[in-house]
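Chain naming follows the written order as A, B, C and D, and within any one chain the residues start at number 1.
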Amino acid sequence: MMPVFDATLCGLILAVALAAVAGRDVFRAIVFFIVYGLMLAVAWVRLGALDVALAEAAISGGLTAGLFLVAYGRLAAVGAADEPAGLLNPPAALAGCGLSAALGWAWFALPQPDRPAPQLAEALPRSGVENPVTAVLLNFRAWDTLLESVVLLTALIGVLMLARVGAWPGRPGLAQHVRPGGVMAGFGRVLPPVGLLVGVYLVYVGAERPGGAFQGGTVIAAVGLVATLTGAFRPPAVDAPGWRAALVAGPLLFLLWGLAGAVIGNGFLTFPPTLAGAAILAIEAALAVSIAVTLAVLVLGAPEQAARE
Amino acid sequence: MTFWLSLIATGLLASLAGALWRVWRGPRAADRMMGAQLVGTAGVAVLMLLAPAEGWATLDVALLLALLAALAAIGFAKATSPDGAGDPEEDGAGDPEEQQAAAADTTDGRADG
Amino acid sequence: MTGLSLYALTGAGLTGLGLYGLIATRHLLRRVVAFNLLGSGVFLFLGAAAARGEGADPVPHALIITGIVVALSASALAVGLVVAQARLTGRATLPEEDTHGDDV
Amino acid sequence: MADLTTYVLTSVGLVFFVAGTLGLLRFPDVFTRLHALTKADNLGLGFIALGVALQAPSWREVALLAVIWVLALLAAGTASQLVARAARAEDEDSG
């Protein structure tokens, strides 16, 4: 039965993606993209990538939906939400088909991997954690993760640079307002505590089970977005010291630990096996805070509210 | 049992084609949004059905989907409000000026809270 | 094995659709959507490749997770730029393409 | 016995989902379609959660299934209210 399930799922994913690029309606394309993300989360489960499925569910199900819908609302407010007529573009279709065909050919030309990857299984006990994905992210390829956390900060600086002069340094995004005691305000009070608990849980179990700083941080960011949009929480102004400390805490702790490794261990970002478990938990906690704050502010956008009341 | 559960899951996926048709067809933005909500609920159900075969940690993914399912609807409600930051329940939801006034009220009320 | 090929070919198809959308659509928000389709097509391809053999390979999974988060941050920056452009000019299309489709 | 109950409960769940999809397709306007969406689907989800819970290896999974269902109910209730009110605000604008 599973082949039929896979075929149905893949067919739906392709149909949804086609619907997202075809037609003229911008809002429809956005809704199809939200649906696409939900289906992709199921596909990751089928591919045995639960860590990826968690990240995809939190990002596509929450943050991307919020990002694109709020942006659509802003474009509609300035009358820029309609799309000019676009006819079928044959050269583009040719390029797309060519790329698909090339990748399809590449799949069947790929050499079989030599399995099971012996180095990883051997090295896992020395990494300090049991979840191999966390071991790769925070130990074996810690360089990538360190640089990625810096990439997030860079994107955030780019978004904040879009603030207009009068709005700096205000609170990120638009001034949200809701009817006190209404459905939206009520939901904003009920969901965040539960969501925060789930996010912290995901960070904590990341060492042994699917989860980790990225998944947990994303969930916390999405919960923060819910709380902000529903008026339950007002984000602090972008120049508040605590806020800035939260942004750099993860990358900074990561970097310091990397330097410590250079002094007491075998080189930059090498963790002595005895300390690795505790260090990874500490870095993951700090990274989760930084990722959560960075992503939430990225989605909310540059300050647009009056700088100081 | 896994065969049966995957059969039900496949049936659920197939029924989603109807929801997708509604998203494509509309006619209103709210119709499209409802189609997306249906896919979200069905996605949670599919993940539950896969859990016995794929490992029970799959339920964590279903938990996230259920937890964040309403975020899209909140974003939609925001997008359809006149200034992009309102609430369809507010008084005079169709009138930007009244909304601005309401926003000022809320801001004053919360400034020190 | 056939199941994995299915996901890999779906990934290949998504990449092509994303490239088409990136070139053919005019509205910048839709281009960001198409860019995301392109990226996630690559992720799906990579994920299918990681699932070959016994037990999934965690190294590509780690790469995909970082990729998803970076794609989101890039999208947020792109969407911010689109909104800023629309506020300045009243349109969300590129000025040199703003000919309402008669040159296609 | 547990297996038989799972067969029955998950089938009932699927029927509710299909009914919800049919309602989404067949009902005439936004507000009637919301009935189909919110009620039938979440009832279906509840039956499926019950059916899967009978296969769960421990109480932890059963509790998690219950939490997921409650969260889905909360989300569906909020989402349907917001979508309906947004649609009504749009009606008042244009009419």
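The criterion applied here is as follows: a contact is a pair of C-beta atoms (placed from the backbone, for glycine too) under 8 Å apart; a residue touches a chain by one contact, two chains touch by 3 or more.
The shown structure was predicted, so the numbers you read here are calculated from the model rather than taken from an experiment.
J.: Quick check: which two chains are joined by the most contacting C-beta pairs?
T.: After tallying contacts for each pair, the winner is A-C.
J.: On a C-alpha centroid basis, what's the spacing between chain A and chain B, in Å?
T.: 18
J.: Rounded to a whole Å, what is the gap between the Cα centroids of chain A and chain D?
T.: 27
J.: Compute the distance, rounded to whole Å, between the mean C-alpha positions of chain A and chain C.
T.: A distance of 14 Å separates the two centres.
J.: Going by the contact rule already set, what residues in chain A reach two or more other chains?
T.: Expected reply: 2, 44, 46, 48, 63, 68, 72, 74, 183-184, 187, 191, 194.
J.: Listing for chain C: what residues touch at least two other chains?
T.: Not one residue of chain C touches more than one other chain, so the list is empty.
J.: For chain D, write out the residues touching at least two other chains, lowest number first.
T.: 71, 74, 78, 82, 85
J.: Which chains are in touch, pair by pair?
T.: Listed in label order, the chain pairs in contact are A-B, A-C, A-D, B-D.
J.: Touching residues of chain D toward chain A in the complex: what are they?
T.: 71, 74, 78, 81-82, 85
J.: Which residues of chain D touch chain B in the complex?
T.: 3, 6-7, 10-11, 13-14, 17-18, 20-22, 24-25, 30, 33-34, 37, 41-42, 44-45, 48-49, 52, 55-57, 61, 64-65, 67-69, 71-72, 74-76, 78-80, 82-90, 92-93
J.: Within their complex, state which residues of chain A touch chain B.
T.: Spelled out, the residues of chain A in touch with chain B are 1-2, 4-5, 8-9, 12, 15-16, 19, 23, 25, 27-28, 31-32, 34-35, 38-39, 41-42, 44-46, 48, 50, 53-54, 57-58, 61-63, 65-66, 68-70, 72-74, 76-77, 173-180, 182-185, 187, 191, 194-195, 198, 202, 209-211, 219, 222, 225-226, 229-231, 234, 309.
J.: Would you tell me which residues of chain B are touching chain D in their complex?
T.: 1, 4-5, 8, 11-12, 15-16, 18-19, 21-22, 28-31, 33-35, 37-38, 40-42, 44-45, 48-49, 51-52, 56, 59-60, 62-63, 66-70, 72-74, 76-77, 80-81, 88-89, 93-94
J.: Please name which positions on chain A make contact with chain C in the complex.
T.: Interface residues on chain A, with respect to chain C: 2-3, 6-7, 10, 13-14, 17-18, 20-21, 26, 29-30, 33, 36, 40, 43-44, 46-49, 51-52, 55-56, 59, 63-64, 67-68, 71-72, 74-75, 78-81, 83-89, 91-93, 95-101, 103-104, 107-108, 110, 112-113, 115-117, 120, 132-133, 135-137, 140-141, 144-145, 148, 151-152, 155-156, 158-159, 162, 214-215, 218, 291, 294-295, 298-299, 301-302.
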